[in-house]
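Common to both upcoming complexes is chain A, partnered first by chain B, then by chain C.
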Partner chain A sequence: MAVTGVTAGLCLPLALFAIILIPIPGLPAASGFWIPAGFYFVMTLWFGVWGALGGHIATTIAMGYFSGYTLHVWLDGGLGDLIAPLVCLLIFKLAKADPELKTKRDKAVWALAVPISSLVCGLWVHTVHLLFGIITWPFWYVGVLTYFIGDSLAVFTVGTPLLKTLTGYVKQSPMYIWRRG
Partner chain B sequence: MERTFFLHVENDSPLVNLHPALKILALVAVNLEAWIIESPLALLTLLLALIALFRALRVPLSRVGRFLAFAAFVVQAIMFSYILGSAIPGRVVLLRLPWGTYVSDMTVLYAAAMVLRFMAMLVGSTLILAVMRDVDVVYGLKSLGVPFTASFTVSLALRAASMFLEDYFKVRDAMVLRGTDFSSGSVFERARKYARLAVPLMVLGVRRMLELSYVLEVKGVGLRRRRTYIHQFQLGWRGYVVAAALVLAPILSLVAKLWLGVLTFPGWPLR
Partner chain C sequence: MTYALLFVLTFFALTAVTVLLDFVHHRIGRKYYAKMVEESRALLYVHVFKLLAEVALLWLIVAFIGQMWMGWIKF
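And then the complex of A and B:
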C-alpha cells in the first residue's frame, strides 16, 4: 500500500507537468516526454506490481482528476501505464537481469526491455483511442510512434541514473523484490 | 462553505451533501452517457443541461472557466485529427488531401459531435469533481465494494502528491541556488537537468515509503484486517432513487441507440 501510494504520489505531479509542458497536438493525453514513466518503471523493477499500480493510479488521476480528461482517456492511458512497466519487469525476470545494471548483459536487457514495453503500451493506448473514435488512422501511427519515442526517452533519461545510483540503496529495503546476492 | 479538493462550495448545495458513492456513480454515468450518445443535437442538449445544473446545484461555474484554455487545446486536437486524417463519406466532398483522406460535410459534423461529446464529459466531470473531498474518495469507493486498501491507496496518492510537489520545488530551488539554470540550453540539455532532480526526489520517496509502511503496520492497516469508520453516510430512499437513475440512464440510452436508432449520428457510418 505504501509503495503504491508513494509511487502514485510521486508520479502524479510529474504526469501533470509532462502533459502540460510537452503535449502532442492532435493526440489527447499524450506527451512527447512522459517523465513519470522514468519513475514507475524503476519502482516496478524494485518493488514489483505495487510500483506499476502506483504508476497506473498516478496516470489515471493526473489525466482525469486534475486535467479534466474524459473517462475513457483516463482508463485507457492508466491501463497502458500499468502494462508497460510490467512488460519491462517480465523481460527482466525472464532474462534474470539485475536492475543495478552493473554488467553489459543487464544494460543490454534494459536497452531492449524499455523500447519493447513502450511499444506495447503505445499500441494498446492508441488502438483503444482509435476504436473509441478519439483519433483517426493517420494519427494512430503518429500516436504509436510518439508514445514509443516519448516513453522510451523519458525512461532512459530518468530511469537509467536512478537504477544505477539508487538500486544499491533500495536493496536494503525489505520491500525490494529481488533475491539479495 | 465546504472545502473540497478544488474550491469552496456552499454547504447547502445538494451535490456537496450527496452520498460519496453517488458522486462516483454520477461521474461514471455522465461520462458513459456522453460516450453512448452520437447525435450532435442530443449531445448539445446534454451539454446545455449540465451547464444549467451548475446553477441549479449552486456549484460555481467559474470552475469550468479554469479549463477553457485546456478545452480549446483539446478541441483543436480533435478538429485537427478529423479534418486532416479521416475519410468520412458525405453528400459533398469539400477538400481532398494528398495523403488520401478528405473532408466532407459529414466530417465537419462528426468532428463537431466529437467536440460536443468531449465538452459534455468535461463539464459533467468538472461538476462532480468540484464537490469531491478526500473523504468522498475513500468512502465512495468503499461503498461501491472497492476494498478499503485500494480506496485508501488512492487517497494516499492524492495526499502524497502535494507532499512531493513541495519536495520538487525545494530540490529545484536548492539546485538553482547551487548554479543550475533550468531555462537555458536545448530541449535535451534541459531534460537532462530535470532528470538530475529525479535522484534526490526518489531518495525522499523511498524514505517516505519506508516510514509510511512502518506507520501503516503500527496503525494496523492491512489487507485482511477489518476496519471501523469514523464517518457514517446513509443512502436513504432518495439516494436509492438517484442511484437507480444513474445506473438506468446509460442502459436506457444504449437500448435507445442500438434498438430504436435514436441518439445515433445521422448519416455515418452509412445506415
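And then the complex of A and C:
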C-alpha cells in the first residue's frame, strides 16, 4: 500500500502537468510524451501490481477531476494506464528478464516489452473510444499510432535510466518482486 | 524576458543544480551509501524515493519548457 501511495504521489503531479505534445510528420495529431508512464512502468517492474495501481490512481485522478474529461474517457484512459505496465511485467516474467537491464538479453526484452505494452494500451483505449462513439474510425489509427509513439518514447527516455541506476538499490527491499527465497 | 519568466527560470536552474549536486554527492559516496542502505531498510526507501522525486522534478522542468514551446504557458 505504501508503494501504491508513493507511486501515486509521484505520478499525480506528473500526470497533471508533465505532458508535452510532439508533432509527428505525416500525422494530423501530435504524440503525447507521457512522462508519468516512465515512472509507473518502473514501479510496476519493481513492485508488481502495487506499483501499477499507483500509476493508475494518479492518471485517473488527473484525467478525471482536474482535466475535466467525461467519466467514460476518464475511466477508459485510467484503465489503459493500468493495463500497459502489467503487460510489460508479464513479458518480463515470461522472458525471465531482469529489470536491472545488465545483459543484452534483458535490454532486448525491455526494447520489445515497452512498445508491445504501449501498443496494447493504445489499442485498448482507442478501440473502446471507437465502440462508444467518442472517436470516429479515421481517427482510430491516428490515435493508436500517436499513443504508441508517445508512450514508448516516454517510457524509454524516463524509465531506462531509472531501471539501470536504481534497481540495484531496490533489489535489497523485501517488496522487490524478483527476490528469490 | 518578463520578470515572472526570469524568476521561474532562476528557480528551475537552482532546483536543477541542487538535484545534480545530490546526484554527484551520491556518486562520490556510493560505497558508503551502499553500506548504510544494507543496514537500514528505512534509509533504502528514503534514498530510492528521494531520487525518484528528484527525477520527477527535473522532468517537470522539461515539461514546463516544452509547454512554453507549445504555447500552453505564456508570459
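Structural remarks
As a working rule, the second predicted complex is superposed on the first by the 165 of 181 C-alpha atoms of A that agree within 3 Å, B and C clash if a C-alpha of one lies under 4 Å from a C-alpha of the other, contacts with A are read in each partner's own complex, and residues count from 1 in each chain.
Quick note on the criterion: a residue touches a chain if its C-beta (ideal position, glycine included) is under 8 Å from a C-beta of that chain, and two chains touch if they have at least 3 such contacts.
Treat the numbers as computed from the prediction; the structure is a model and nothing was measured.
With the C-alpha superposition on chain A as described, chain C and chain B clash in the combined arrangement. Applying the stated contact rule after C-alpha superposition, one finds that A:I135 touches chain B and leaves chain C untouched. Once the two complexes are laid over each other on the shared chain, residue contacts for A:V170 go to chain B and to chain C alike. Comparing chain B with chain C, the partner in contact with more residues of chain A is B. Look at A:V158: by the touch rule set out above, it reaches both chain B and chain C. Legend: residue contacts after superposition of the two complexes on their common chain; A:I61 is shown touching chain B, with no touch to chain C. By the touch criterion defined above, A:G5 reaches chain B but does not reach chain C.
Steric collision with chain C, judged by C-alpha atoms after aligning on chain A, is confined to one stretch of chain B among 22-30, 166-174, 220-228 or 238-246, namely 166-174.
The interface of chain A with chain B overlaps its interface with chain C at residues 6, 10, 13, 33, 35, 38-39, 158, 161-162, 165-166, 169-170, 173.
Residues 37-38, 41, 44-45, 47-49, 51-53, 55-56, 59-60, 62-64, 66-67, 70 of chain C are the ones that touch chain A when the two sit in their complex. Within the complex formed with chain A, the residues of chain B that make contact are 5, 27-28, 31-32, 34-35, 67, 70-71, 73-74, 76-78, 80-82, 84-86, 99, 101, 114, 118, 121-122, 125-126, 129, 149, 152-154, 156-161, 163-165, 168, 191-192, 194-196, 198-199, 201-203, 205-206, 208-210, 212-213, 216, 221.
The residues of chain A lying in touch with chain B in their complex are 1-10, 12-13, 23, 25-28, 33, 35, 38-39, 42, 53-54, 57-58, 61, 64-65, 67-68, 70-72, 132-139, 153, 157-158, 161-162, 165-166, 169-170, 173, 175. Note for the complex: chain A touches chain C at residues 6, 10, 13-14, 17-21, 33, 35, 38-39, 158, 161-162, 165-166, 169-170, 172-174.
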